[in-house]
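Would you mind keeping the following structure in view while I ask a few things?
Labels run A, B, C and D following the written order; every chain starts at residue 1.
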């Protein structure tokens, strides 16, 4: 029986739908409020036909209408989390924001990333950054958590232990990522039509994507060294999954086994991060909360190559948000979260 | 804690892998033996990298090496189930065969479908046919169950209630189905390469597919009337899912609401079959053990159209096999089986 | 050197873009006017980046702005062709309408299909129906041609010779079709997003699709017998291609070879229709103006099964429109049209 | 009328099939010999059903059975070109080898790339390297041309002008590429099944792919400076297309416009290479012989980012081989080669 309660705002989107799916199977947390904006008033089954036919109806995203719950998840568009997040936190609830409003550590970084002033700059830095493998203590001790972006999750897990161990140089790290289309959300866009995506791959947001400052901030906090990153995201013709291929200059003659050992040691006791000895496929992580890592050193050019695969909607969004909530609620972090994916 | 034990033979294939994935999450049954043929001796994680990294090793498919378990699942190629199925059943174990060896009710039907004599004709008709919504009592009372083929599952669930209620004529029913590629198994084939499947759809086995006699036998047993079926399966460029579009002549002026009501009534108390009022998408069932049905009547031509969507690997294979096993073991049939799918 | 001139209205859509691509390679016809609506004023290369980078700009769709050309192609949304089509025809130009406004033969049929009155009912029946293999003489002798819908092209080519030869009964023919997404046009729609289409198949417009009356009208005109059709279209996760699986009751003991011979005889001298002895794949037609047919007879149930594969954007739209224009201009019908497709 | 003759060895593969398709439309060259190995004796239409139904039969790949032609194309597996290539060249024919046997410039480089001795080391360096935009004079003056690998084509076109102009440093250039599955050939492989590729992206051959030495050799020859490259290829779930994302350190304060201008100047008069101001999509090149380039400079980290998109089977294989043959035969290099692709 579920004894803890949750609200999901933005339940009509991809990440919101995944939260509902996960929470419906969670042994300790039950959803008691589903919020939506455009779709408020519609049946859950009309918006997410895969979730089953029962009679739940989407209510409002307005914080006033959210009942007191043990944890509220915000799966809202960029810029839409700040107000409800602070309102719900102000009522004493635990809040996990899947959006980007509270991820960065300073007003300056926020402006660099988003080209606008933060509506509540004093709030920045007060929300724990929600990668449990790196910031688990902060998350467990915080009532407000900003769940990371999908790309930063993949890259930060790959690079933080190497930077912390001094095995790679912090300057000019290349993060080359490919994502499935669900990373761009569920609103219709001409460039995300099946007839515009299938059978092709493209880069986008070259050098300007807002996840680059987030990666730098998170790696700085996790590794104690401020890196500079060149980030090029790509859209691949698939629904889910992110593969980040990271290139960094090796420090002090580090070899491939040094890289692998540093990663293995960092994540030894972590249920969802696994270091493997072959290139990880996003397929192997889709449907799971897992992150698969592999690393190589190229002595010839002095370059470390680290590959990181996740499901952008689970470890990159809803799964990791729930992992954080588990910690905030005093549960085992893996509760209700699958390690196994869906496809061989 | 799992207190019941299971063996999975053919664990390296798609259906076998799904059984392992489901059983690893099952609250009452634990896998204690994983059998394979070509892959015997390899680590499970090498064959199914998505299932996680632990150290389980694939053992043999040979029945002699299977320990005494509460239920053995056979996910073996056509023709390979008969011998181990009888051997394990002879040792007193419950056996669920996902293969085709014990599905048909008579040696004649077997020869019609497979063009060869059955190796143990006396066995035919002794195994319960594993569609729990239609043959639940037989399944619960049987130690040996033949889990149905994927296409028959979709078509029989769609048509049995209509035939039983006399709403459609049994002669010349058209079953036009489209399946994802996992229905063809995991062995490499030139015609199943990504470069041979993507961006195309094709029919195959036109009028000769061996699932046609199975559909006729199962509908005959379920509805008490022997239909004749024209069956054309298609391969669609997707991994999972079957959509069957069934066309039958309306009897006695039946209308669309008669069809819908007969289906709704038949599956009212069934957790996995849902009658909806729009065309079901396979996407909504993939990842679940659900079957979605919808029906229309065309008064103009006197034709019933019934659509049926399932996940071929779950309700069409591993999920339904586990549903049967639950019944055989005295558990709730839905134990450990998802109703919700993966994709909106 | 191109000596004949063409205009393409609706050049920004999928069919319009294909017309531009084909005409750019055509040895006798050159495009001199590209019309668009929303995209008027934009560079062709911005709207169709695959067509090359040269400096052509999209002009208006307004008929007043179309110069005198030898043939005008209208690739406009439903309902938008009637006015410009009549205006351009009134100026003495040859017009090929790829839209649906002039396809049907009577106001009654139009209202049945579209649920509204035709804006110029007297015009219905005056435009030749543009399947050159069946109506070549009318097309060659007409200044106005209505190019058929994609589904009707596939089904009418499959069924007309069999109906004309009396090999199948006209009542209750089932046409079960699967199309790629480009058949639904290029405007953004939530249900056509990659994340809503990939890995799934669905029916839509069950019994109500407007191409059913068109099929009946065209088969009536081609075969001299008025059939009734049950039509269920499906959306498959691919960009291009239509496969129609047609089921009809056999007449007078016709066998499979009778069907094949009737088809082969009908299309013996036709460059784009080929009868083959295996199930045709849409892949083999994509990129070509070809239609591949195959037929079987099921003596057991008295059913003919005919499979028909085309590229919905070529034989089902732009290619066939150009084939018609070739005839109207006195050229060989195959000029500038590929028989070979893109994918093995 | 075709007055020049060609042979295609390895006509049953993807690149061989594309050569046949292109040559069938070529105004000056006609195919007179189709060679195959396993498929010798089969009809072309059985192996490439998309190429039409006529009665051509695949003959042998054995050089003795190849008639005297103006140009022979070898589309054979790695290692299979050397003997027939030298035999046919020895008979005085022009030969374009699409394989890898003659691409490298020295026995040492060959051993580095392929881990084996070259069977005819004296031949290395005698075959022109077939990128017409960079080595057009050599190609036009040579009777033997080694058509480049698909990945090297994309990367060398992107980087050569920048290295030649001194705008980027030659050391430690990162080439991160994603390819469709046809790059891996047409033989069945478990890891290339639709059910193993769809919905996923993966790296492979990390740091060890044999195209890395080829890139270094070609760039050295084209730019007069020997670079070192870190190369990580990826497999994307699509049939055709390569996108290479190249990262190099900027030299001497070069900015984005410097990069763009150097590329534009290098390819100003080249019909198939186009520099655009947005990230190129592989979709826009598929079906064409075009290469689309775009470049950015990141002053913050001192990094150049160059994107390069091609169709791996055309500009990366059959198209470029034909472009070379055109030059060798004294034709315009663009003869019979499309600039426009298939998909918007």
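Convention: a contact is a pair of C-beta atoms (placed from the backbone, for glycine too) under 8 Å apart; a residue touches a chain by one contact, two chains touch by 3 or more.
Note that the structure is predicted; figures quoted are calculated from it, not measured.
When the contact pairs of A-B are matched by residue number against A-C, C-D or B-D, more than half turn up again in C-D. Taking A-D and C-D together, the pair of chains sharing more C-beta contacts is A-D. Note: the chain lying farthest from chain D is B, by mean C-alpha position.
With each centre defined as the average position of its C-alpha atoms, the distance from chain B to chain D rounds to 46 Å.
Rounded to a whole number, the gap between the C-alpha centres of chain A and chain D is 38 angstrom.
Centres computed as Cα averages put chain C at a distance of 36 Å from chain D.
Residue positions of chain C touching 2 or more other chains: 14, 180, 186, 196, 198-199, 237-239, 281, 283-284, 286, 343-344.
Taken together, the chain C residues at the contact with chain B in this complex read 171-172, 174, 176, 178, 180, 196, 198-204, 206-207, 228-230, 232, 234, 236-241, 243, 245, 247, 249, 279-284, 286, 294, 296, 298, 300-303, 305, 307, 343-344. Remark: chain D residues 14, 17, 21, 24-25, 47-53, 186, 198-199, 239, 274, 276, 281, 283-288, 290, 338-344 touch chain C in the complex.
On the side of chain D, the complex with chain B involves touching residues 14, 180-182, 186-190, 192-199, 237-239.
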